[in-house]
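Just so it is clear, A, B, C and D label the chains in written order, and each chain counts residues from 1 on its own.
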């Protein structure tokens, strides 16, 4: 039995690797992206290149979307040449964008009206995970049956496909994790800076934290102090990695959600403001979010 | 060869278990504590009970002190009947109190004038670790030789004895870890509350965080939401554990240190204020610090 | 010359007094509100009562709207029986609701398509000012001519009608003022609490602040400590006044706007979180926002 | 009757002008300062120059001290050549330094043992007020009689001499005012930045705030946005005025006090951290504290 064509919209830093992993897995793709250089490459590798999202929806009944923000998602689904114009019944759209939960829920409603399905399946694991097909997918599918159908596709791109229940729950989980991560990175940066100023060796301090109750991913896997862990962005001039602007964006989604459900988030909201300061500072704007360590340390010496 | 007497001052929640572990290890103790009920029990078990810290110092050349705060330490060492009155040359005082780094450094200086040694060796691992002799000691000893001498004693009470260099570095590491822990606990509380309000199941959310970049001890080992992890204080009405008042105290030490070395700590300072609010609220004052989750969640429903 | 009928939609705490002031000024009104008890009273006093906002728009070419939030405004203007269904060319809608700036701008666009005018004219001055016709109107009218037309009506309800330029600028000014006010009230509460705990007499401290660089409306006119200023809500059990829930709402508008224009607001965002905590606490929820003083002071004594 | 000699220790930015005003008022001075250039000038103008604080105390029974921080005060009073070495009975020391309340209280105790008097009399009004003799003195004198004695001297340097009761209350009032001021300046900076980004004219926005409930000294007298008020530091490149480093110091005193009396100060503590960030940034370090506006605004455009 020949496997059906899969649609893929959004071939950026994450989406590009994900689409290639689908192809490695034996899938034929029809792709769309605004960046011609990228689509040319996919064409060379055997993918069909669509002119519009609508053309993807006309050809494929399984569609991945991996887009930068809520307005992009709205446009790809509901725009003039959007998916909704041509979508076939029983299509499954899997959206791995990190966006407002309310937008995911709205898209699902619009697709239901077309007898189709929308699930939110945001990802964690970074560019490395996208490339190695080791991503985690946080899936809000609404039913086990839909989840199982999605899992067939998603498994080619990740190793951890989590069923979180209702549509929107994927976004909730993603936003919660990233809010916590955003707080932790600042917390580790200020803690490391304090300890170093008090006289501790940076590696000795990290060693204590990593084996004590202060342990966290931001200290043991992605320590923001250059030289504590080799090979990660903080040890490479904060180049690559996860940018301050993206973190500011994810924390703004968390703040929107917190206002919506009326949940107080004192540290999440202060962290949001700190990344916003970084995101508008020419020194820090284009750097990995671990650069908050440089923002906090004394720059007069 | 008969082992020499060890002095032990401060037989509270932590010190009591630690002293017993020394006795189990075959050590004879001379102890001091203001609480008579406690010293009576140690007497019944074979320890000598001293009238004053000075009596301890007259009898023992290895002395542990485990006290609640900087003023207590000052008083036990420099008070009218304090250790300094009778200390013998070449005595080693090991202070496992969590106090101001500046006080540790001052005590070390005063003991040096008496040809004796003071090291700071604050602990992590909680009451459970004290009882099971699995504590971590963060040691600021000033030299490898002194560290090795201390290790002989400390090993009877903990399993992880870390040499951090100069006197005061133990306090620095302890304060840094606890500041990070204090921030993380609030961060996890607000993240879990947000996610639950957005529709996620609490265990599913914790599962995502614990396998993603938001992972930390406060989510995977001590999650503040009742029922996520059984057997810990948050699942037992926040009884036992580490009190909000103690966390407020440790964060005030961190803030003093940060002001001293001029390190900005935006999240550490806001967290300090939040624990201070808890510590003065009759509902939360006597509870484990995970109760910050109850403080943040909606109490009108 | 007989004056034309004025439409008035939203007869709540503020709107009710404002509509009465228009009537005192000789204006005939056609009114709409969901609360029948209120509209009955207006009917008894000579106003026409409309069934729907659309009926108001069919009858009047000058319409005031004073509504609680963005969704209410959207519904009154664009709903099934909304103003837009029947609006006459050259109608001037003056909206004194405090809402998202983006909604004001959108309403203005929709009315322009109907050859009509929408201005935002949010108010300050409280219920007292509404009653005494001494409100300040912050007007985003788009042109001097429109402003002058609106001023004829607004002057009957306020004494300070400020022309701020483009539509949406009224909301910007209102939100900015209320964000600053919200911060100040917490700031004064924590300052007064600190000073009193340090030994100062509350009136002596307020006296110093009010004649020094700490001077502000929240200290010299609306001091949150009971007994400092008589006759205001903080001296009357925090009853009446401006509720914590309303302040939380206004600060959420400020946060939405700040995210929108990417302006960092560290104190505004922390203040928002504090009012959110108050708004979900049964003790503080229904109280004047000065009650933040009670939230901060030690409640164990 | 010839007036007695007045001692004056600390001839810096504030003290220099204050001492001159005493001389203008007909007082003969004996002065001390480490800066020889300054004391030479006072000598030329007729003052006696002392070698040490002790020489001042040997010659004068009314002594002003105007010093930068707690350690300086401790040293001038209790150091090897300090005031306490030679102080005459019934001397009145008036300390206008801004320092830890606990240090003021300790100095008063030490002077009482010498049958002398210490009062804290910190000042507000800035360099301008020092020069024009229009300062406010916040006096913690302990008794009306002592206050009246001090007032005779202080009136030559200020126009508002406030009796606040117990020794230490002057520091409490000063610290409270400056904490409130420090918060307000950031609050106005973020509010103005938000409003301007939302489209408002800066002067129109300031006008609204200054006539509404957001009114405060930092908006109506010392607005941090360049060009809103002419002639103040924010309109002169943030030169002169009150430096970010001094504000960071005053807020650290407030935080010490808050920890001491256990008063939660969420905004005071966050503001402290923000000034600390400014104080260690080469761009902002030497500038007036209104420069927080530049820190918050978008610097990428």
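Everything below uses one rule, namely that a contact is a pair of C-beta atoms (placed from the backbone, for glycine too) under 8 Å apart; a residue touches a chain by one contact, two chains touch by 3 or more.
It should be emphasised that the depicted structure is a prediction, and the values quoted were computed from it without experimental measurement.
*Asks:* Name whichever of A-D and A-C has more C-beta pairs touching across its two chains.
*Replies:* A-C
*Asks:* What chain lies farthest away from chain C once each centre is taken as the mean of the Cα atoms?
*Replies:* B
*Asks:* For chain A and chain D, what's the span in angstrom between their mean Cα positions?
*Replies:* Distance between chain centres, rounded to whole Å: 51 Å.
*Asks:* Using mean CA coordinates as chain centres, what's the chain A-chain C distance in Å?
*Replies:* Taking the average C-alpha coordinate of chain A and of chain C, the gap between them is 39 Å.
*Asks:* If I count partner chains per residue in chain B, which residues reach a count of at least 2?
*Replies:* Those would be 262-266, 270, 274, 277, 280, 296, 298.
*Asks:* Quick check on the complex: what are the chain D residues that touch chain B?
*Replies:* 252, 255-256, 259, 262-266, 269-270, 272-274, 276-277, 279-280
*Asks:* Note which residues of chain D are touching chain C in the complex, please.
*Replies:* 101, 124, 136, 138, 160, 162, 164-166, 168-169, 172-173, 175-181, 183-184, 186-188, 190-195, 197-201, 204-205, 207-209, 211-219, 221-222, 254, 257-258, 261-268, 270-271, 274, 296, 298
*Asks:* Could you pull out which chain C residues touch chain B in their complex?
*Replies:* It comes out as residues 270, 277, 280-282, 285, 295-296, 298-300.
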